[in-house]
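After this come two complexes, each holding chain A, first together with chain B and then together with chain C.
And then the complex of A and B:
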């Protein structure tokens, strides 16, 4: 039997907007995944530690404060340093399209912006995790 | 409002209309949906008639503007006397940049200021704190010390403008800075007009910029109530906010209920410290969202006014009429803005702003079309302000008070929202009040359920969002997006270093030690925070002292 996909939904930085993160967490769970939600105000170090400890397949981060260019790549690099670069990293939030190519180059595999259907996120994860 | 005979006749004739006219029409042309409902899931009937106002009593339920229960408005002449305050929430990057934007907005005819602070400021960290990295100057202006505040209001006479500051956990510190800047301008504190948000409960529920646990947080709030009632009498000491609760996904009913339940908690806390209700309640103010459903929103504001008046009069035995008046600021709903076809947001904002005006708001912020993409550009902010000006000067809705009163639907919806919101308030009372309901995760869970349901309705196309799940077009690249220069963080750090090497550090140390000592007692902390601020202690230093005494709030994760 296939093990369910494990996802860490994380809120890096000081941003308190968690409506999107919680909706995503719940819809991934409804799609049969195991979801761990970090709660607010996580440092990149805390997120990476949780991802490794929980042995997740996916880290899904949400930022609406504009700090994504700083915080997303930091999480990617720390995961690499820990040898956990098989984890699929995705992000979402209010992220200007001009920032997306650079974020992808840094190792965030997909960026989901406002208006995304939760079904598209589920599909993306199912098609892109490394197992 | 109608006598029994009239109601009986109307009920009969309505039945007749349904069987003879409607049924036939439906057979040929079925209605678009089986069930119609508001965006908050209140079922909407085909037609409202006097039978929906069967139990309504004009004098008791509606009355007159400026008279209890204020359903029709808190001022006797409303917008015939003075238009609402047009107040655009703004602030980004450095104090210098934001000062320029404020002056621009005032030149464009804005009538009040509304300061947005960046997240480190809102959570009591200086720009050089490790947790501030990447956040400095992003969602608002970075304020580290009185020096920044002096720059922020440079050339803006504080006795002439009213200023709203969206600041919660460290509200006393920012208010102290404002008082200190005014003093330097030669303006005494009793002349200051404005509002601090200062609403910690909704931070735990929905917004996330908390610092301290509930008990010391409530103490800081009641300290402000007491200090301002004696020294800054024209200042609104709190803005009890439903806005963020709604943004987190609550329905209109939940927005009203949870906001007023927060209000009840603040009033109880203040009374418990020995304040008389009529000493502080006239300075309480509220802040609501304006969502898409025009008529439901109008009814929401009217219901909120009536419930609050009754609570203040009956539950808290207020004597002063001012204590019973629910005055509120409104902001259009950020969560309704779409990244797709962003110009459509101008129309959404217009409808939402119209709801706020027809609902009798005292001040208004209209969102900019590009806020689902980034911080708003100057051009977008101008269009948003012009939207208010068109409503105010061209639409005619300002010429008579509460023009939708008496509409069978509006009155019925107002009653329904009141009734349903009261059920929530009673439930929260049963749980032991709002702080306990939040601790138990009850409120958060209710909101999350609503938000998830809404999202699923959009995804199944039960709810249409124009440009998102219907009428899509190819998106073009969006030019003219405002970006905050990452240099801001470096500049702020430089300013802090310079400040710390030029200020009188002995005095700072003395003031901080004193504040620490008194934080452990139940003395009012405002005067000591004011002294610390005046000696150029930084926001981070002051909050660290309070953290060391009060501890920090640990969020319980509810999913």
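And then the complex of A and C:
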């Protein structure tokens, strides 16, 4: 409880559905984390700037528009450029199975698709952050 | 370059990291502040307070833009409540300021209250110092949404801006003690809504009753969303600053705040010592049991605990 895990929850791209992101934000809150919620329609640049200023341990992105193959790796690369590649990056949303290996290769450490228990997300974060 | 040097060179990541270690009470942060404290005091601190949903974040966004237009560098500390049950928090003020994230001359940090009840977070005062060292001209400290008595912001701010909205209550609310007394400037936000004039009159009438005070807080109608009245509001903030500087009030105010801050720090440290002693002391538990079973009253219990320590 002394050093809460800080997580940025962001919605890159143009889809307007943030129900899932809010459910995740709420369950991370209930797991004792500080969730910086930045809302809809974020550019990768905005997400990275926020992640840096907030000094988060995790960037969690949700996307439903199909632009994940473009936007997720872009966030990874921009964070790398800023020397912030110690931040754990995870993603979620409607993401086809076939896309997942490539996304993981690009540096998105985990992808959570519909049906994932929020408990699993919490556990994954707790076990994988770099402190 | 080490962390301290990077902070002094205006590196945002370093600034963010120092705030984190400050927030987590690590020695390194206090060391950096100690080394550079003589350089602080240049940033002007504006407290933004008001009820939940009154538009504090949106207004902070607008005020920041106005200051950027005037060539200033701005830091923002936005505070939201921490859960008393889990220690978790949703920090959502940034949503209203997303476009500012990328601006070279803005630094935004969200903080949870982490157990503090006065509308500020425990580490807000430390974060103000870090931003001062980082080198901003103005710092906005946006409190949690407040009710009637969360007034810790006065201890941290040079100017307190109270954000009101129309139709929150009758004219009795305006004469109540507490939060209404700490405002240096009132901004009635969402003033395109019916009732803004009435709210303004109620506040003005209450201010009419202030006695023997040189400074009368201005009451402005604004609309953050429509970007109306923002320039005048910034003018009033600058005006209040000039007033404080010219009259010597700023010095007095900062001295009062420094005194309270030091007392708070001492109090926190003492409580820390007391708690850690109590944990080890088994007789403390016995004292509580005795009070519960009415063999002892709480005041005698207090005396006994003080004796133990």
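Convention: the second predicted complex is superposed on the first by the 129 of 131 C-alpha atoms of A that agree within 3 Å, B and C clash if a C-alpha of one lies under 4 Å from a C-alpha of the other, contacts with A are read in each partner's own complex, and residues count from 1 in each chain.
Following the convention adopted for this analysis, a contact is a pair of C-beta atoms (placed from the backbone, for glycine too) under 8 Å apart; a residue touches a chain by one contact, two chains touch by 3 or more.
Model, not experiment: these values are computed from the prediction.
**Q** After aligning the two structures on chain A, examine chain B and chain C and state clash or fit.
**A** In the superposition, chain B and chain C stay clear of each other.
**Q** Have a look at where A:4 lands relative to chain B and chain C in the superposition and call it first, second, both or neither.
**A** It touches chain C, and chain B stays clear.
**Q** Should A:65 be classified as contacting the first partner (chain B), the second (chain C), both, or neither?
**A** After superposing on A, A:65 lies in contact with chain B but is clear of chain C.
**Q** Quick one: classify A:50 as touching chain B (first), chain C (second), both or neither.
**A** Only chain C is touched by A:50; chain B is not.
**Q** Once chain A of both complexes is superposed, is A:94 in touch with chain B (first), chain C (second), both, or neither?
**A** Only chain B; A:94 stays clear of chain C.
**Q** Of the partners chain B and chain C, which touch A:37 in the superposed model: first, second, both, neither?
**A** The answer is both, since A:37 touches chain B and chain C.
**Q** Between chain B (first) and chain C (second), which, if any, makes contact with A:108: first, second, both or neither?
**A** After superposition on chain A, A:108 lies in contact with neither partner.
**Q** Examine A:26 and indicate which partner it touches, taking first as chain B and second as chain C; both and neither are also allowed.
**A** The answer is both, since A:26 touches chain B and chain C.
**Q** Return first, second, both or neither, reflecting whether A:76 touches chain B, chain C, both chains, or no partner chain.
**A** So A:76 meets neither chain B nor chain C here.
**Q** Of all C-alpha distances between chain B and chain C after superposition, which is the least, in Å?
**A** Result, nearest C-alpha distance in the overlay: 5 Å.
**Q** Considering only the contact definition stated at the top, list the common interface residues of chain A for chain B and chain C.
**A** Common interface on chain A, chain B vs chain C: 25-26, 35, 37-39.
**Q** In their shared complex, at which residues does chain C touch chain A?
**A** Answer in residue numbers: 12-13, 15-17, 19-20, 24-25, 82-83, 86-92, 94-95, 98-99, 101-102, 107-110, 112, 114.
**Q** Considering only the defined contacts, which chain B positions touch chain A in the complex?
**A** 119-120, 122-123, 125, 131-135, 138-139, 203, 206-209, 247-249, 335, 337-340, 371-375, 448, 451-452, 455, 459, 465, 468, 477-478, 481, 483-484, 486, 555, 557, 559
**Q** Chain B touches which residues of chain A in the complex?
**A** Per the stated touch rule, the residues are 13-19, 22-23, 25-27, 35, 37-41, 43, 65-67, 69-71, 94, 96-98, 113-115, 117-119.
**Q** Which residues of chain A touch chain C once you look at their complex with the stated criterion?
**A** Touch residues, chain A against chain C: 1-4, 6, 25-26, 28-39, 42, 45-46, 49-50, 52-55, 82-84.
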